[in-house]
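The following pair of complexes shares a single chain, chain A, combined with chain B in the former and chain C in the latter.
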Partner chain A sequence: MAQFRGKKLDLGCFVNIMNIRDHTKRKVFEQHEPERQALRYIIRNTSLPQRTRAQAQLELSQMHCYTRPTQIRNRCVMGAKGRGVFRDFRMARFQFRLNALAGNIPGVKKASW
Partner chain B sequence: MAVPRSRVVDLMKVQCGIFGSIFNPTGERLGNKVLRQRLRGPALAAYYPRRVATFKDLQKLYPGFETYNDFEEDRLEHILIAKSRGKGAPKKKKTAAESKKFNTKKRK
Partner chain C sequence: MASPAYYESLLSSAKRLRISTPKPSLSNSIQCRALSQTATTQARQDRPTRSRRNSSQSSIKDDPLRMELRNIRLPKAVQATYLAPLKRTPTHGIPVCDLQMRSYSVRNLEIFADFCLRAAYYLNLPAKGPVPLPKITERWTVPKSNFVHKKSQENFERVTMRRLVQIQDGHPETVALWLAYIQKNRYYGVGLKANVFEHGGLEVGSEMDAEATKVKDAVDEKLKLLGGGPSMSRAHQRVNTMVHDEPFKAAYGAYSPMNQAESVPNAAERLVTVPLDPEVPEQMKEAARARRG
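So, the complex of A and B:
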């Protein structure tokens, strides 16, 4: 959804469309998170009238899918891979191996025993 | 020694006033757990590293300033060597007639 994308690319890592898309989703979610939480509060509050809650439910379900946190996926910073990504290093397993062997990741050492 | 329920409720009320929590003795679902949650947007949005100033930006900022870009010089040198060996990229065609695409013999 190009309407959410920034006019200028502000990524400093490996760039391809999947990375850009995920980055856009993250920013859109950040923008809309308070609104989503407010709607969620209304929906969960049983002391409010049923009509208000139903309206909030409808409104929340009709928000754009980019505002949803479940759309966000951790992708590899070095190669935009979506699977086998270490959360701590933000890298897929092969990139992690390459960078670790090259000594680019502080505190990581190949074990041998 | 049993404490009457009203006393306990009073205590809860005072407690809630002091600690700024919601007084809800009947345990109704008021959705306050949503309000208590922290916002995770900023943490999520900071996942990818942001763009920092590059060599090109520096050159653009100071046009007259003499700079030395190691990688760029390496690349140009490599191209020069390849060209001297006759292994360089072909020249850009100026006209459509020059282009090989339209000059190939047609099969009959």
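So, the complex of A and C:
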């Protein structure tokens, strides 16, 4: 969503609307995490009045979808691919192969055993 | 093949490039580790060489001052750098610090482990190691192509080498100094991880109690400044009693089933109540009254 997006580009990786979007989601989630956790706590706390808890439930469900952690997906920093991304290198499999063969990834070599 | 720097005298280090050394024999390369280098170097210099610069070399050779300088032995500390690192012997053998080094290249790792041991020696710390820990091998298999064709794949691996250096019987401050020195002189491509163990006396409990009372005094002083003090603690008690008060608990539904649904409105009026017998003790009556609201 454009209202969350930074006014200036604050990404150092491959720039693409998918990567920008994912980056924005990460930032928004980080900003709203305490609020979300507080609401979750209120909802789960059985010693609180039912009314308060219902209100907290409503409030949590009405928060923007960008504040949810489930919206975050690991994307390839070299090509914004969403699938086959190695967590260790934050790269999709093909980009990983190219960079490994070029010797850009420390310690990674062709294996044969 | 370049000759090791210590073959030459202190003065002629610049001339090292000009003088072409004869092929070092096996015996010479073995003697690299020996302390007395001067004699063998001398012998090698005296040997006739077939190089074109024989005339210039002979002039250098004939200079008695240079010859004398050539015979001066290297300082002990410099000689020691060509030998295996020295180690202090531990008196008690109590481990104080475990330093683990990790790298993808053995050479960097070996060099740095050596450096760490030397640093420990000159800080008077008994060190053990370097212990080669098991390698960590990670492997990845990826399709060669960027799209489909799963049948042709490629394997990649990353092998992490590890070395452990253990410090024994060291004073915590010295160990901290050692670690700081090592961190300051880190080597490229080598990661460090240190586990530092501290040992206390048997009176840890009493020491901690003393510390706790000290902390409590300090905190009390701060609390006085806040304007709390005894009045605040009284308020705290009042709040406590309120929270545990029966009517208060009933008001927020603590007695309702599952502890969450609000109690039925006007439940007290809608209950069929049976008057209590006169012989029921006064306390129970009180409780019942409280429960009714």
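Annotations for the structure displayed:
Heads up, the rule we're going with is that the second predicted complex is superposed on the first by the 113 of 113 C-alpha atoms of A that agree within 3 Å, B and C clash if a C-alpha of one lies under 4 Å from a C-alpha of the other, contacts with A are read in each partner's own complex, and residues count from 1 in each chain.
The rule is simple: contacts are C-beta pairs under 8 Å (C-beta built on N, C-alpha and C of every residue); 3 or more make two chains touch, one makes a residue touch a chain.
Note that the coordinates shown come from a computational prediction; the quantities given were computed from them, not determined experimentally.
In the three-chain model built by superposing on chain A, chain B fits alongside chain C with no clash. Look at A:Phe86: by the touch rule set out above, it reaches chain C but stays clear of chain B. Of the two partner chains, chain B is the only one that A:Glu30 touches; chain C does not reach it. Judged by the touch definition given at the top, the superposed model places A:Ala111 against chain C, while chain B stays out of reach. In the overlay built on the shared chain, the residue A:Arg97 is in contact with chain C alone; chain B does not reach it. When chain B and chain C are set side by side, the one touching more residues of chain A is B.
By the touch criterion defined above, A:Asn16 lies against neither chain B nor chain C after alignment on the C-alpha atoms of chain A.
When the shared chain is aligned, chain B comes close enough to touch A:Ile42, but chain C does not.
After superposing the two complexes on their shared chain, the closest approach between C-alpha atoms of chain B and chain C is 9 Å. Common to the chain B-facing and chain C-facing surfaces of chain A are residues 46-47.
Partner chain B is touched in their complex by these residues of chain A: 9-13, 19, 22-23, 26-27, 29-31, 33-34, 37, 40-47, 69, 72, 74, 77, 90.
In the complex of the two chains, the chain A residues touching chain C come out as 46-51, 53, 86, 88, 93-94, 96-97, 100, 105-113. Every residue of chain B that touches chain A in the complex is listed here, in rising order: 28-35, 37, 39-42, 44-45, 47-52. Against chain A, the residues of chain C that register as touching in their complex are 104-105, 138-140, 142-146, 154-160, 189, 252-254, 258-262.
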